[in-house]
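Some structures are shown below for you to check.
Here come two complexes built around subunit A, the first alongside subunit B, the second alongside subunit C.
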Partner chain A sequence: MSIRITIDGNEIITQDGATLVDVAAENGIYIPTLCHLKGKPCLGTCRICSVRVNGNVMAACTVPVSDGLEVEVDEPEVSDMRKALVEFLFVEGNHNCPSCEKSGRCDLQALGCELGMMVSRFPYRFPVRIRDHAAKRIWLERDRCIFCQRCVQFIRDRETSRKIFSIKDRGTHASIEIDIELADKMPPEQIREAAELCPVGCIIEKGVGYNDPIGRRKYEIKSIRERALERKRK
Partner chain B sequence: MHTEVQTILEQYHSDKTRLIDILWDVQQKYGFIPGEAIMALSEGLNMSCNDIHETISFYHFFHARPSGKHKIYLADSVIARMNGYDEIREALEQACGCTFGAVDESGTFGLYDTNCIGLSDQEPAMMVDEVVFTNLTPKKASDVIAQLKQGRDANQIANPDGNGRRDVAYVDTLVKGNIHNQGPVFFKADRDFKALLEKCLEMLPDEVIETLTVSSIRGRGGAGFPTGLKWRLGREAEGDEKYVICNADEGEPGTFKDRVLLTRSPGDVLLGMIIAAYAIGSHNGIIYLRTEYRYLKEYLEQQIQGFYDQGLLGEQILGKAFDFDIRIQMGAGAYVCGDETALIESCEGKRGTPRVKPPYPIQQGYLGMPTCVNNVETFAAVSRIIEEGAEWFRTMGTNHSSGTRLLSVSGDCQHPGIYEIEWGISLNEVLQMVGARNPMAAQVSGPSGECVSVEKDGERVFCYSDLSCNGSLMVFNESRDLLDIVKNFMRFFVDESCGICVPCRAGNIDLLRKIERVIAGRACQQDLDEGVRWGKLVRNTSRCGLGAASPKPILTTLEKFPEIYQHKLVQPHGALLPAFDMDAALQGHELAYKALVQEEME
Partner chain C sequence: MSRKLVIDPVTRIEGHGKVTVHLDDDNRVVDAKLHVVEFRGFEKFIQGHPYWETPVLLQRICGICFVSHHLSGAKALDDMVGVGYSTGMEILPTANKVRRLGHYAQQLQSHVTAYFYLTVPEMLFGMDAPPEQRNVLGLVEANPELIKTVVALRKWGQEVIKTVFGKRMHGISSVPGGVNKNISIAERNRLLKGGDGLLSMDEVIEYAQEGLKLFYDFHDKHREEVDGFAKVPALNMSLVDDDGNVDYYHGKMRILDKNKEIVAELNYHDYIDHFSEATEEWSYMKFPFLKSLGREAGSVRVGPLARVNVTKTYGDSTPLAKAALERFHDYTHGKANDMTLHTNWARAIEILHSAELIKELLLDPDLQGEQLVLTLEDNAWTGEGVGVVEAPRGTLLHHYRANQDGEITFANLVVATTQNNTVMNRTVRSVAEDYLGGRAEITEGMMNAIEVGIRAYDPCLSCATHAMGQMPLVISIYDANGTLVDECVR
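== the complex of A and B ==
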C-alpha cells in the first residue's frame, strides 16, 4: 500500500511497512548505520541510525514506516546523539586506526570521519582484551569488536548451521568468541565473507593485510555516505 | 558423564529451547556445568559449545567452573546496606575462609554478591543453595556456616521442622509475608475458583475481554499497558498456537509483592492465567519464576496440581472444549529478563536479550507465536474483576488509573511489607500509613523509577499519570547518603545491562564514573552538565526499558536534591579539571616505562 511520510519536511511516497532507514536512503537521505544490513533481519544493536520519529528518538533500522510518519534526521540534538554513539565505540574498545589492517575500509572509522568526530567526548577506557589467533586462517582482534552481532547471527557452519562466532558474558564484560574447530572448516569464500561483514577490523583473514595503498582504499574512493545512497537508490 | 547428560537431554527431548532447564539439571548434578557436559550438550542439541556458553555466561546463577559445594549469595541492595550488610559480609568471609567472588580452599563454600532478592522487608538476607535466610545478624550468618560445616544441608537448617516443600508452612518458615492491610482486591480468603471459572466460561471470550476493557485495568508490571487491549490484540492475532506467560521475574530492587501474592494467593494468579487463555485462545501457559524465588517452586507446582485435580487445568476444563496447561520456567539470574521480550528469549533457552520491537510479543512472541505476557499482580486482579465485575473495579482509584495496587514498602519505616493502596492516594498518606520516620526521600518504582523529595512531592499522588509506581517504594530518612544510594543504583544497572546495545552498555559506566567522581569530591559543574546530557543520550537511544530508565537515579536526584551535588563540587584551578589526578597520571607513566623496559630485556 502506498503511503506518505515526511523526512526533514520532505514528503515521500513509499510502501507501508518498509524499513525507515532504507526508505530514507532510497530517497537520497542518508542515515548512518553500523549494524544494519539491507535484506537481513534487523539487529538493532548499534543505535547509530537514531532519528526522531513523531518526536520520539528511535533507531531507524527498527521502524516500519506507516502513513503520516514525521521523521527528523537532520536535527541538531539527534544528530549529536548519533555522533556521541560513535564516540562511545571509540573509547569502549581500543581503536588504533593508523596501524589497523581495516583502515580505509572500516565502517566505524568512516563514520567517525562522516560525522565529523575529532575526539571522543567520553573518557578512554583502554580495556585489556586478549586477541585470539588460534584459528588457522582467522585472526580475532578483540580490541576492535563493537558487538554488532553481524558475525554471530549471519555466519554459521554450513554443514550444521551451528554458531561459529558467539558472545560470552554480558554487559561490559562481554567478549566475542570463535569456535576454532568450526572456523577451521570454513571455506575461503566464507572467511572472506566474515571479514567483510565485520564492520571493523575484528575479524581479519590471516595473510591478508594492507592490500590497497593509501589513497585507493574503499572509503577513500567513495565515502560511506555515497555508498549507502548508491546501493539503496532505486 | 556422557550418559548422565544424555539422560537429562532425553528428559527434555533434546529440545534446545529448554536449555535453561537442562543447564539447571546439569548444575544440580555436578555443582557446576563442566566442560565435558557442555561438549555432550553440544552434540545432543546441535549447538556449538560457545553457543551454549553464550547462555551459561549470561546468567548470574550458572557456573562453568567449580563454585563451591554450597553457593552463598548475599543480597547487596541499598536496603541491605542500611541494615548491616557490611557486618554480615565480614562475618561470612571469616566463617567461610574466603573472600567474596571466590571459593574456599576445600571447595566447600563459594561466596557471591547478588542484587535484590525480593526480601527488602527482611534484609539483610542471603540465598544458600536453594533456600534463603532473612533478618541476618553476624551471629546468625556464622551459625548457618558452622552448621553447614557440620554436614547439615541448607534446607535442614532453614527448615528445622522438616515441613514438606510443597506446603505453605515451608515457605512461611523461610520468609515472612508481612501483609499490613486488607484491601478490596487482593488476598481474599476461601475463594471458590471452580464456581468462578464456571461463571467465566459461561461468558464468551469477547465478553471477558470487554469486561477488562470496561474495568480499565492496566498492566501492573510498570508500563501500564491496558490489559483489555492487549488481550483483544492477542485474540485477534493469528497463530497455530498462542501462549500465556506470567511474568514472575520480580527483579526491580525493592519490590517483593509478587512473592507474597504467589505465596498467599497462588490460586488468584493461576485463575487469571486460565481466564487469559480462554480469552485469547491459548492452550499453554508458563510461569517464569526468578531463581531468587526457587523455594516457591515445589509449592507452586503443588498449587498447579491442585488445579488439575479440580479440573480447572488440563483437557476439557470443566467439561468445555477448552484445554490449558501451565508449566513453571525457572530463570537463572538476570534483571533484564523482566522485560517481556527478554523473558521470552530466556523461555526459549537463550540469552535474555530484549528483542527488537516491533513485532510485539502479542503478535510474535514465544516460539514466534502470539504471546500474552502479564505481571503476577495483573493476573490476580483479573480474577477478581471477573468475580466482582468491571464497574466494581472501575469505581476504585482515579479516572485513568482504576482499582488498587500492591506496594512493597521498605527502608526507613516502622512496618515494611505489603500494602494495598487505591490509586489516587498521596505520597504523604502512604508514608504515614507505613510509619515512615523523618522521611527525606522516597524511591518510587525502584532504581528505574523516580527519587522524589518528601518535602516537595508529598502531595503528589500514586496514579499512572503522576507517581506511576511499579510496586516498589523505598523510604530514606534524613540520615541517609543519597549520593551513595545513587551510586549503588548505577552499579546495579551496569551489572544488569545485557550489553546488546551501545548506549546502555557503554553509557552506564560513564554515568557511574561521574557519580563516583562527585562522591570523591573531584567533580565540577561540567561533570554534572555532562551527566545530564549523557543520561539523556542513554535514555533516548537505548534498545529497551533498562537503558531508558538507567540514568534516572542521577537525573531525578539532581532535579529534586541539587544541593547535595552542589555541596560536593569543587572549582577548577587553571586548565586542569579537578578530576585529573596528576599523581596517578605520573604513576601510570612510571608503570608503563617499567613494563616497556622489562619487555625489552626479555
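== the complex of A and C ==
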C-alpha cells in the first residue's frame, strides 16, 4: 500500500512497512549505517542510523515506515548523536588504522571520514583485549571488535547452521568468541566472506592482508555514502 | 675552573639527543658524549601482532626512512613464509624491481633532505653564521633558485615513492613474497617525462649533478677545514654484491679497514653470531660491535661514507655516478676515507647514483610484469626471518620470529644510526677537542661545530632507540663539580 512520509521536510511516497533506512536511500537520502546489511534481518546493534522519528530518536534500520511519519535526518542534534556514536566505537576499542589491514576497506573508518570525525571528544578506554589466533585460518583481533554481531548472526556452520561466532559476557567485559572446531571446518570462501562481513578488522584471514594497493581500496574508489545510495537505488 | 658544556637539543637531525662536553681547569676536553634521550620500544609492542602486519606497523618508527623499514621487514617476512633468501629463494623479478624502485627513490629524497636542508646551510654560510641564518629559511633568502630546485627534487622522489607505495609516507607495497602492485606504463612515463610541476628524469639527474658540484665548489674553497674536520678512524660496512659493489637492497655484509682490506664478510642471516651490542647508562642508544674485534676496534661506520669506501665501483649503467665515485676514491689514493665531512660528498654522489639507478629501472619492462607474489604451500613456513637493506643512513636490519599461529614473538631492529653510535661519539670528541679544547670562551659557532659533526651522519635517533617522541637534541658544558656552565637548546 502506498503511503506518504516526510524526511527532512521532503514528501516521499513509498510502500507501507518498508524499512526507513532503505526508503531514505531509495530517495537519495543517506542515513549512515554500520551493522545493517541490505536483505538481511535487522540487527539494530550499533544505532549509527539514529534519526528522529515523530520527535523520538530511533534506529532507522529498525523502523518500518507508516503513513504520516515525520523523519529528521539532517538535523544538528541527531547528526551529532550519530557522530558521537562513531566516536564511542573508536574509544571503546583499540583501533590503529595506520597498520590495520582493513584500512581503506573498513566501514567504521569510512564512517568516521563520512561524518567528519577528526578526533574523539571522549576519552579512550584502552581496554585490555586478548587476541585469539587458535583457529587454523582465522585471526580474531579483538581490539577492533565493535560488537555489531554481523558474524554472530550471519556466519554459520554450513552443515548444522550452528553459530561459529558468539559474544561472551556483557558490557565492558563482553568479548567476541569463536568456535574453533566449527571455524576450522569453514571453507576458504566462507572465511573470506566472514572477513568481508566484519565491518572492521576484527576477523582476519591468517596470512592475508594489504593485497589491495593504496588508492584502489574499497572506500578509496567509492565512499560509503555513494555505495549506500547506489546499492539502494538498484 | 672546570666546566661542562651542554647542547640540548642538537638541531637539524632526526631524533632527540644531547651532547655533553666536560672541560678541566685548563679548558681541556676530559670527556664528550652524544646522549640519546628518547625511548620508543617498537621491538616490544610489535610482539603479539600478526606477522604480516609487521612491516606496515614498524615502518611507523620513522617519517624519513620508512621505506627502508618496510623493505627490511618485507625481506624478513619473505624468509618467514619460506620464499626469502634464507631458504635460497628469491621473489619474482617484478616484485624485486618494484621494491628496489621505491628503495632508491627514498634514498634520493632522504639524501636530498639531509644534504640540502640540513647540511648546505653551513656550506653556504659557515659554521659561525648566526643560527637564524644557517637553516633552510636562510637558504630561501640567500638562494631561492637553489631551494626551488631542492623542493622539486624532493617532490620527484616523493612522487616515485607514492607511485610504488600509494602514499608519500607510510604507504604499503610489500606483502609476504612480493608486492601488491606493479608500475603501469602511464606511471612510468609520468616519472620519466615529468610535466605538471614534476621534474623529468633527465632533469633530476641534472640537478643531482648540480648538487654534487655544490660540494666540489665548497671543497675547493675550504679544503683544509673540510678535510681536517673530525678525521675519525673506523671500520666501514656495507651490503655488497658478489663483485664487491654496493647493493642497496640485498647482498652480504662486507666490512673493510682503513686500507680497504676485508675484515669480515658475512651472510646477514648470521649477524647475531658476529655482532654484539654494548649499553651505557647515559644513552638509550646501544653500541653494536664485531665480537671478534671487541667494542672499540670492532665498531663500524655505516652510511654514505662507509658505502663509497666499501664499494669498488658502480655499474656501467650509472656512468655519471661511477665517474664521481672514481674521483672520490682517487682523493684518498685507494685508502678508506675517514674525513667526517666527506660524508656529505658521499651523500651527494649517492643522490646521483640513486637517480641513475631509478632511470635504469624505469626503463625496465619487468616493472610492468603481472606476476607479483611468490606463494608456497604452508609447509614452507619457517617462522623466522632476517631482512637487511642499505637505508639512506646505512645498514638496517630487522629480525623477527613468529609462532605457528602467526603471532610475532620476537623482534630485533639494528638500525644504521645505532651502528654509527661509537663513531659519532668519536666525532663529538674529536670536534670538541679541536674546537672547544683550550678555549676560555665558548662561542655559539664552536658549539655548532659539534652539531655539524653529528649532522654529517644524518642520525635518526627516533629509529635508533625504537622510541616514541619528538625530535630535538641538546649540547651541555659542565664544570668539574658538575655545575652546568653553558647550554645550547633548540
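Here is the rule we use: the second predicted complex is superposed on the first by the 233 of 234 C-alpha atoms of A that agree within 3 Å, B and C clash if a C-alpha of one lies under 4 Å from a C-alpha of the other, contacts with A are read in each partner's own complex, and residues count from 1 in each chain.
Quick note on the criterion: contacts are C-beta pairs under 8 Å (C-beta built on N, C-alpha and C of every residue); 3 or more make two chains touch, one makes a residue touch a chain.
Quick caveat, the model's predicted, so the values are computed rather than measured.
Of the two partner chains, subunit C is the only one that A:R131 touches; subunit B does not reach it. Applying the stated contact rule after C-alpha superposition, one finds that A:G39 touches neither subunit B nor subunit C.
In the superposed three-chain model, the partner touching more residues of subunit A is B, compared with the other of subunit B and subunit C. In the superposition on chain A, no contact is made by A:P187 with either subunit B or subunit C.
In the superposition on chain A, A:G9 contacts neither subunit B nor subunit C. By the touch criterion defined above, A:G116 lies against neither subunit B nor subunit C after alignment on the C-alpha atoms of chain A.
In the superposition on chain A, A:M81 contacts subunit B only, with no contact to subunit C.
With both structures placed on the common chain, the touch criterion links A:S166 to subunit B but leaves subunit C unconnected. With both structures placed on the common chain, the touch criterion links A:G207 to subunit C but leaves subunit B unconnected.
For the contact definition in use here, the subunit B contact set and the subunit C contact set of subunit A share no residue.
Those residues of subunit C that touch subunit A in the complex are listed here as 48-53, 56-57, 60, 81, 165-167, 170-173, 175-176, 180-181, 405-407. Against subunit B, in their complex, subunit A makes its touches with residues 42-48, 50, 57, 59, 62, 64, 81, 84-85, 88-89, 91-92, 121-123, 125, 146-147, 149, 157, 160-174, 177-179, 182.
The touching residues of subunit B, when paired with subunit A in their complex, are 46-51, 53-54, 57-58, 334, 351, 356-358, 494-503, 505-507, 509-510, 513, 530, 534, 537, 540-543. Remark: subunit A residues 96, 98-99, 101, 131, 133-134, 139, 141, 204, 206-216 touch subunit C in the complex.
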